[in-house]
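What follows is a set of structures to go through.
Same chain, two partners: chain A is paired with chain B first, then with chain C.
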Partner chain A sequence: MSPDDWPARFEAELLRLGQHPARARALADETAQQAVESGTGPDRLFGPAHLYARHLVSELNDVPPGPAGGGPPAPGRVLLRLRDVGKRYRRRVVLSGVDLTVRAGEVAAVVGANGCGKSTLLRICAGLTRPSSGAVERTHRVGLVPQDGGTADWLTAAEHFTLFGAAAGMAPRRARSAGEHLAARLAWRPAAGQPAQELSGGTRQKLNLVLGELGSPDLLLLDEPYQGFDEGTYLDFWRQVAAWRDAGRAVVVVTHLLHDLRDVDQVLDLGSRPGGRVAAVAR
Partner chain B sequence: MTAVVVAGLTLREVTRRRAVMVLLIGMPLAFYLTRRDLPGQSTRMLTLGIGWAVATLTLFVVNAQRGVDPRLRLAGASVTALVGGRLLAMTAAGVGLAGGYWGLVAVLQDVRRPWAIGPLMLVSALVGVPFGSLVGALLPRELEGALALLTVVAVQMLANPEGLLAEVMPFWSARELGNYAIDATAVSDLWRALLHAGATWTLATGLTVALFARRLRVARYPEP
Partner chain C sequence: MVPSRPWLHGFLDLCLLAMLGERSDYGYGLSQRLAASGVADVPGGTLYPALLRLEQQGLVEPRWASSESGPRRKYYDLTAAGRAALADQGADWRRFRDGIDALVSASVGASVEGERR
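What follows is the complex of A and B.
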């Protein structure tokens, strides 16, 4: 896709994110005009169209309420709904009676003791594991960030961007550009020629996060994605979660750190043992 | 498009592993050098070494992606693109290996039909690719897969060439083609070998895709 298509892609993403058509057109025209005035292409000035659209929507949602009203966006359409979901492996019950509804612009945390089925629940949400009972409804655009693994040891970060971008139907150049842009938000500049196996644990998790977000999913499923993060990166991560929420995405994050819970909209407690009763708490 | 990207990146991954490349090239060479005084034996062993090396490499390549493939499926990649891309990459590696050793044998050995050495090596490499991926699909852990490949190749070497056991082994076609190239047997051996190779390739590829389609299936949930 050529840079000439950038305004059209930008406008299409704004529409997809719920902007009024006239407003989306005005923003696209305004952005294209800024690029012309700066004498450079919009892709170089603003980065990938779909990411800049999300960033802009996030910024617009952060505008403080004025006389004409406004304020934080109301939760949007439902992007994930679990009804009475259960999972058993032969006779062993891992999950039972799980209900969860996550809307656009919401962050849900899944907590519970080790082995209580948090990761299994996330895999069910992704569609990689089938529930034994209950019903799942989910948006098609979903990104998964596993707790560990999920990368190819001998490929560089840029090659990962190309690979995951190809899976999502993105041209290699656009995928690399989007990946580098997303990495920069996590204060990471991937080194050329460095394979994933030479990355530190924290940096590899940054790569995992970028790959989860690369296809611009509406729903992000994160399984304790901050393993190995230093304090600054950990704070950057939660700021990023807030930015996703403000941009109208839904986020489900598995965590065991209780102080994370102040930043989420609802908590799903899977209890202390496999198959135990669950409690969802809206915040 | 996705398959081509997967193929290109798979080749890059493999070529970065220098020790693997040395062993991939060196294993058939070791088979060859052991009996280099006997043109027939050395060429047959070399052929089997190529098939074994390519199958083992494919097994490890396929299994190394177990953590990545579910995420790629979730991102939108099809099973055929993922499996097809890797088979394409391994086929390219196998063709390169077979081509190199064809040249070696053509120069150093006195065989009755030197031109047929090319197809002989090629068939061994081409059958080794889907066979290695099928073993990887059936046995997702590397050690089990490597032991299974070792068993198959050992049985292939030791089985009576005229018996049914030898005929159902995946590399029987290379043995038959070897007879045609080295001992100048009838052309019917050539056709039988090509038919066997084609059937083995089709069966192994089909089963590989079917098994990975099952392993990598993603539930299609309705939109809320």
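What follows is the complex of A and C.
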């Protein structure tokens, strides 16, 4: 990674996250200055530019209103909207009448019994499955973490980072460094040369999660992405969800654990039977 | 022993306010003082956002100053609100420290008792 374009990428990401242009410029200048006074490059001091931008924005959004002003952030722009969405396979109704609006800075949980269409709904949100009825609007940058699969047995973690990074327009070295940084947040250090098929189930899920986040999506769609996680990693995962929200992303997570619902902004209950009644419950 | 990060997270602001209460300083200088005091090696990605947050809350005030060698530096001074926050948080910290101290001493006393039996 060239240290020269780090401040430019940092500033671009701050702008994308909705920082005022003058503020983004000032923060980029200041961050470059901090690297100089520490006698190191910004990439070594702060890690990948787009990740540090998100970290900084989430740190600054935490500030309680002080003498300098502040207050709760205004509701964000809509990143996903489903209107009266239905799905049927031949005569079998899987989903009907689903409404869901998720804004920047919100976490929505999708719950319901097995077979009620949770995964189908997530694929519709991602644009991988066409709904039979209704309308879907979504932002461009979407990351999907499937329940399982999505990784190639014979590729190493680094090769996955390169491949998925390329799909998001990232240079190989930048993709690898971002992937390693994201893995570290889940307490995982990928071993060089180890193919994915040799990873444990929990570690494969970490790989899936990192790949979903690699391109800095604005909307993250997660399908029970913590199967096989131990307790510590599970908590890391929910901290990560909170950090995404605080950085102004939208998160939709399919889950069956009631424990998870404490920290979400809205719950979409798909009911207990296929095509069952749908109720959206605000927190 | 260097405390693990979750511990530090609650007290980094207090450490920064205390160091700036002693004298104004710039980011890298503060990180060196933290390391020298044995509190922690604080990575830049943790230190600089914390300083920005204090600035946003109006607890510290930045000023740019040139250095003899190299580029200008952003020095921070405590504001009046910063001094008040330092007094409050300092008192909280002493209560917390004394409480933990009491618990740890009690447990050390008890285990010595246990060994005598």
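Following the convention adopted for this analysis, the second predicted complex is superposed on the first by the 276 of 283 C-alpha atoms of A that agree within 3 Å, B and C clash if a C-alpha of one lies under 4 Å from a C-alpha of the other, contacts with A are read in each partner's own complex, and residues count from 1 in each chain.
Definition applied: contacts are C-beta pairs under 8 Å (C-beta built on N, C-alpha and C of every residue); 3 or more make two chains touch, one makes a residue touch a chain.
Because the structure is predicted, anything quoted here is derived from the model rather than measured.
Student: Please indicate which partner A:L155 is in contact with in the superposed arrangement: first for chain B, second for chain C, both, or neither.
Tutor: After superposition on chain A, A:L155 lies in contact with chain B alone.
Student: Have a look at where A:L80 lands relative to chain B and chain C in the superposition and call it first, second, both or neither.
Tutor: In the superposition, A:L80 contacts chain B only.
Student: Please indicate which partner A:G169 is in contact with in the superposed arrangement: first for chain B, second for chain C, both, or neither.
Tutor: A:G169 contacts chain B only, not chain C.
Student: Hey, is it chain B or chain C that touches more of chain A?
Tutor: B
Student: Applying the document's definition of touch, where does A:V136 land relative to chain B and chain C: first, second, both, or neither?
Tutor: first
Student: If we overlay the two complexes on their shared chain A, which of chain B and chain C does A:F46 touch? Say first, second, both or neither.
Tutor: Second partner only, chain C.
Student: Contact-wise, after the overlay, does A:F10 reach chain B, chain C, both or neither (first, second, both, neither)?
Tutor: neither
Student: Once bound in the complex, which stretches of chain A touch chain B?
Tutor: 77-81, 126-128, 130, 136-140, 142-144, 146, 149-155, 159, 162-164, 166-169, 172, 195, 211-212, 214-215
Student: Under the definition above, what is the set of chain B residues touching chain A in their complex?
Tutor: The touching residues are 1-2, 5-6, 9, 12-13, 16-17, 64-65, 67-68, 70-77, 81, 218-224.
Student: Which stretch or stretches of chain C touch chain A in the complex?
Tutor: So the residues of chain C touching chain A come out as 26-28, 31, 43-45, 48-50, 52-53, 55-59, 70-74, 81.
Student: Along chain A, where are the residues that touch chain C in the complex?
Tutor: Residues 27, 30-31, 33-39, 45-47, 52, 55-56, 59-60, 62-64, 66-68, 70.
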